[in-house]
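Both complexes below contain chain A, partnered by chain B and then by chain C.
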Partner chain A sequence: MARNGMVIELDRCQGCRACMEACKVENNTPQGNFWMYVFRLEEGEYPDTKVRFLPRPCMHCDNPPCVTVCPVQARFKNENGAVVVDWDKCIGCHYCVVACPYGVNYFNWKDPEKAYYLDWKDKDLVAATGGAIPPYQNPDLMGRYGPQQRRVAGGGHLKGVVEKCSFCVQRVEQNLPPACVEVCPVQALHFGDLDDPNSDVSKTLSRKRSFRLKEELNTQPKVFYVGQSPPGARAREIEAVKAKQ
Partner chain B sequence: MATQTMVRSAPPTGLRFYAWVGILGLLALQGLYSFVVLTTEGFYVTNLTDQVPWGLSLSGYVFFIGASAGATVIGLLIHVFDRKDYAQLGTRAILVALLSLAAAVLFIATSVGSIARSLLLPWFWNNPTSIFTYTSTTYYVLGALLLVQLYFTLKVNRRTASASEAQLARWLAIGTGIFAIVVIPTLSGALFAVVKARDFWNNPALAPHFAVVAVVTGLAMMMLVPIVAAATRRELVSQNTLSHMGLLLAFFVVVAGFFDFFDLLVFTYSDKLAGNEAWHFLSSAHLPLSAVHVVGYVVGFGILVSGLRRSTPWLAVAAIAIILAVASYRYNLTTVGVSMPLYPFIEHEHYVPSLIEFSVAIGIVALVLLLYSIAIKVVPLEGEAIAPKS
Partner chain C sequence: MKLVAIDPNLRGAGPFADEWLPIKPGTDLALALALCNAIIAQGTLDRQYLVNHTNAPFLVQEDGAFLRADGKEQVWDEASGAAKAFSTPGIKPALEGRVNAQGRNVRPAFQVFKEHVAQYTPEWADPICGIPAEQIRRVARDLGQNAMIGSTILLDGVELPYRPVSMMFYHMSQQELGFQASRAMFMVFMLLGASEAVGGLQVDTSWAVHSGFNAMENATIKNPPYDFTLSNSKFFPINSVNPGMIAKVILDPQKYEVNKLPEMAIVHMANVLTSFTDQPVMEEAWKKIPFVAVIDPWLSRTADLVADVVLPAATMEKYEGPIGAGDGYEDATAFRVPIMEPLFQSRGEMDIYLDLTEKAGRLFGSGGFLDRLNTALSLKDPNRLELSAKPAVRDIFDRWAKSQGLSEGIRFFETKGVWNKGPVSPRKKYGYGQDPPFSGIRARLYGEGLLRLQKEMQAKGAAQTYWQDYTPLPTWRPPTMWSSPPKYDLTLTSYKKIEFKQSRASQVALLAELAPEQRVAINPATARAKGIRDGDMVLVESHNAVTGQTRQVKAKAALTEAIRPDVVGMPHHYGEVARHPLTRGQGPTPNTLFFTGEGYVTNTADNTFHVRVRIEKA
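Up next is the complex of A and B:
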């Protein structure tokens, strides 16, 4: 039993958003759903301004409010400490969305066929891709995971269901790091067992002072930030990526 | 004790009634059509977002669940406080409570991604740490209690109830009233109050506030019932009884106003994000509804404590003003709570319901009004209504 977590080195992050792209490609998330999101923030007043970045995956809290409030136990912590959603149980009541202080949940507003960047039934696209499997039918995501064999990886991206970052359960099961960690060009993201003193995350945490988002709420996030202080009260978001399905 | 007046005339029939029922039927049908569009197309046809996932539907739900609980106060007045002059409202109060509960459940059902699973909620999947589990389960219990109470009360009305059945109807009214007023709105308030992520809701006074507002809503709606009945030449209660109900309503409006003031103190003096943000919302985009909230209470209270409460039309104005105030409060509470940004550095998101959302909401309200209009015509609502005391 691991207690997987993530450490993000803010002083390394360049805000390239490659992690967002990798997450989208790996998990085939629909338009508007960003399981990994990178805030680009501006601080100070012109001309004395500086830009900084804050990657925001799901915090996979040790004391997750979304699990507490979910009326149907569709939310649960898996054997590796990741907080995941059972697609077959979620009723789409949004209670997890309002209870989460981090804004990491995304509701599927449309049918999967209509929610993607491309129309995968378009004849030209079918011809161009040679009849490739549409992203919402990716067989790699259709499996069942963990001792309870629940459908948690995002296969299908069903309409009317809330979804979020799963720490890439389908990759972790094969001893691979989440896609965002693997793709980061400056290795700002670290992933591993927080209870293992020899893991990459534990070593990084022991070297640098860290903070977690909204610690005062006692959600005990398993995503730690090092290398910079938290964003100031006067920070503002720039270049926001906003899209609705 | 006020004198009790009962005029048992024939139920309203004729062109006006059928026109009224026809209009309500059409409104309900357009709501059904919009609901079909919502479920087939997906919730993208609403103006809800991942930042503001609860909107008009949730506001409708909290309004009607409060109305359902509040309407049962009439049963308590009759059977606990021995106000026999309210007796002719007893069965109608059960009906209003039942239909309001149905409206609340419909509002919830039209706001979740999977209706079929959500309707099965209390019987199959339970999470003992989720307030939602308890609220939904108690709604089933309330519905069952109200149905049983209605059954025995109708037997009493028809004079076919035995003495023990009449006693049972009396005790059901008392038990249901206490359960409805104490448990239902407080749990609904807790649904919001336990959410630490939303500063605007995370307030221990929210649950008792909900209970008081529920009584205000129920009393205001039940005050309209005899006024509307009188307009169709059916006097259910005397003017004195209406005046008494008005004073009772005024008292609870004062208590609700106190809780509003307490809420203002909490978020004004809180050092959380909520303070400034809440003021920003309530005084800008939500200003019209904030105004309706305050002015509705003030106007209603003013009428109810003045000599105007002896005039039926003014009582109707007071009841409508208070109902609008409560509806505004419910809407502001729900939508401001979720509209406030989770991080200080992201922009506010202002939510305005889409036409589809309005259409579904109008459809639900029309449907319950339609059912009420038909029920008062076909169900024997008047009669003894009071069980003999043992």
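Up next is the complex of A and C:
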């Protein structure tokens, strides 16, 4: 049992969004769903312009409002402290979407067959791919995880279900870091047990001053930022990535 | 480390830049000259380096040529008060002053340079570059102080000059005055002695005399007819072989005194019709090439519009390499090994070329493809390819790996991944680490060969537009685009988005999801003045100051305070790069708006990625 968290070194992040891409590839998320998102922010006016980047996974709060409001206990904190969604149980009521102050939840408006780049029921495609398994049915993500044996990885991607970052439960179970951490070309993302003083995350936190997003709400996020001060209230998002309509 | 970003568009350097010099496009030469001026004025010169490792002490005659005796360049020896061959032991060459030698008035090249840049003060550059003079002086001071001239550092037992100031200006050369701008920026670091010193500017990750060092100096101009690349021509005697300029030649061979045009072309993993200036000229010209084969994993725009044959290439499913994977400090080699059998009808390019050359009767025997592979891959006995048997691709690279000293052969890469060869010795890495230093060559502060070429170009009747930038010292002139009428009040530049590679990635679904369409970056003040809001569709119209041609595209506006108000930016991806459902509606490439040809190429025929434009709400 661990209390896994993430430490993000903002002074290393180059805003390349490779973590967003790695997350999509690992978790087979539908178009427009970004369990990991990198804000590109701008402050000030020309020529005194400041540009900064802010990766935003799920905060995996120790005091998660989304878990409190979930009426069907689909949302829960797992044995490693990750806040996860049981997509078998989710009824898509949106309470978690409203309760979360970080905007990390994505509601699936479409059937998975229509939410990916190819029409996976198209006969030509089926013939050309030799009946390959569609990304939303990735067997690695369809299974049951943890002591509770619940379906909490990125499988199914069912219509009417809310989904979000799981800290890559399927990888953590194999002692691998989440995909975003693995792929970061400048090692800006760190992952590990916040309760272990020898973990990478604890050591980084002991060396550097950190902040968390919206700490005043007492959500107790397990995602910490170091290397920069928090973005100002007048920061504007540039180059936003939105779902293609 | 202090980082200064010199760019009209702050982009991804933003969070890391301690200082932003939002330079006007096309004026890097003026900035570099002003930095040289300020560095000379503040006196932070590495005279040891200039005297011993550059041609700065060489005596220049009034006609611009070096003073020579018995074929040796002469320097002024302050010890004996006489001109001596530069290589004479024990002399004390002067960098400054005017003397009379061999009955001629001569000056050391550094003196000529110093007098030349005296006019280029930071105050002079201020309105040209749009950067306050004080900011230019501050950067010059920072460079001068941080260069730590005279300091040394001990690396692996080797004492080397330590000059921890550097600059990255790779693509700065792709502007009309880019050739001389690059030279002038290099000169900034020559003055500081930071060229190829520890912490300084390095041309490559390890030291070698660059193949162009002598080739450029000794470039020759032939008599016409010229070949279609215009190599060794009176137009571009130093030639970057730019497909955009070749397209101009294809469309008007007589103008360029070319009598033979290409009858066929093989396009290998490139999308020439979208990635070069200028797109309409490229498309018109390439349609005139009688036979085009394209090797590409995508049905690129090039393949779609002009290919007679498309040979689908594998991507991850092939042997490809070797690929240098060193970081400059550790040396490493990587090699791509296939993760699966090639998909569909695709094949690795090596398989394709083996088959092509076999069919063409050029695979076997002396001078055949296999013979060429033996040379190109430096295959050594007993691992050289037999010239009479067609090998498997894996076998070719197995022989390569064994020739490199890996007894396991290609299996090393199949099982171990990257071949890490350990730290690069300072003896290999630094010009100063050589014996003699810099392998005995002298960097050219003064480009005598450029002046020679200029005179030859003039003698052969080349127009001023071709020879005007062949000057021995970098010399400022206003870029041609500035002659466009005032209503073209903005300059367009293009740039790379970190999400994509060149014009070959925006059709990739997962990448395009991150950056789905073309956006024109506009400063909010400019947008307000023109009644444009974020997300509005805008018309961008470019103007060619030489021909009067205009070009138009439409794309959505993206407002940002991180760009100059007199500049608009468009990433160089998009433009329906491939026939692919996902590229529909992604918007245009800026290469439609840029021009090629006179006024819009460098003096080495290279692309110019800037043009004057106007914008309005569409």
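FYI, the second predicted complex is superposed on the first by the 233 of 245 C-alpha atoms of A that agree within 3 Å, B and C clash if a C-alpha of one lies under 4 Å from a C-alpha of the other, contacts with A are read in each partner's own complex, and residues count from 1 in each chain.
Keep this in mind: contacts are C-beta pairs under 8 Å (C-beta built on N, C-alpha and C of every residue); 3 or more make two chains touch, one makes a residue touch a chain.
Everything numeric in this text was worked out from a predicted model, so none of it was measured.
Looking at the overlay on chain A, is there a clash between chain B and chain C, or do the two fit?
Fit.
Who does A:220 touch here: chain B (first), chain C (second), both, or neither?
neither
Name the contact category of A:128: first (chain B only), second (chain C only), both, or neither.
In the superposition, A:128 contacts chain C only.
Touching A:187 in the superposition: chain B (first), chain C (second), both, neither?
The answer is neither, since A:187 touches no partner chain.
Could you let me know whether more residues of chain A are touched by chain B or by chain C?
More residues of chain A are touched by B.
Between chain B (first) and chain C (second), which does A:111 come into contact with in this model arrangement: first, second, both, or neither?
Touch partner of A:111: chain B, not chain C.
Could you tell me if A:20 is touching chain B, chain C, both of them or neither one (first, second, both, neither)?
second
Does chain B (first) or chain C (second) touch A:241, or do both, or does neither?
So A:241 only meets chain C here.
Quick one: classify A:159 as touching chain B (first), chain C (second), both or neither.
The answer is first: A:159 touches chain B but not chain C.
With both complexes superposed on chain A, which partner does A:50 reach: first (chain B), second (chain C), both or neither?
second
Once both structures sit on chain A, report the angle chain B, chain A, chain C from C-alpha centres, rounded to the nearest 10 degrees.
Taking chain A as the apex, chain B and chain C sit 130 degrees apart.
Rounded to whole Å, what minimum CA distance do you find between chain B and chain C in the overlaid structures?
In this superposition, no C-alpha atom of chain B lies closer than 11 Å to one of chain C.
Would you tell me the residues on chain A in contact with chain B in one complex that are also in contact with chain C in the other?
In chain A, residues 32, 244 are touched by chain B and also by chain C.
Using the touch definition up top, name the residues of chain A that touch chain C in the complex.
The touching residues are 10-11, 13-17, 20-21, 24-25, 31-32, 42, 44-47, 49-53, 117, 128, 228, 238-239, 241, 244.
List the residues on chain C that touch chain A in their complex, please.
10-12, 14-16, 20, 22, 344, 498-499, 509-511, 513-516, 519, 523, 525, 558, 560-565, 582
Which part of chain A faces chain B closely enough to touch in the complex?
These residues of chain A touch chain B: 32, 39, 41, 65, 67-73, 89-95, 97-103, 105-111, 114, 159-162, 217, 231, 233, 235-237, 240, 244-245.
For a test of understanding, state which residues of chain B touch chain A in their complex under the given definition.
Against chain A, chain B makes touches at 41-44, 49-51, 53-54, 111-114, 117-118, 121, 125-127, 129-133, 136, 194-198, 337-338, 342-347.
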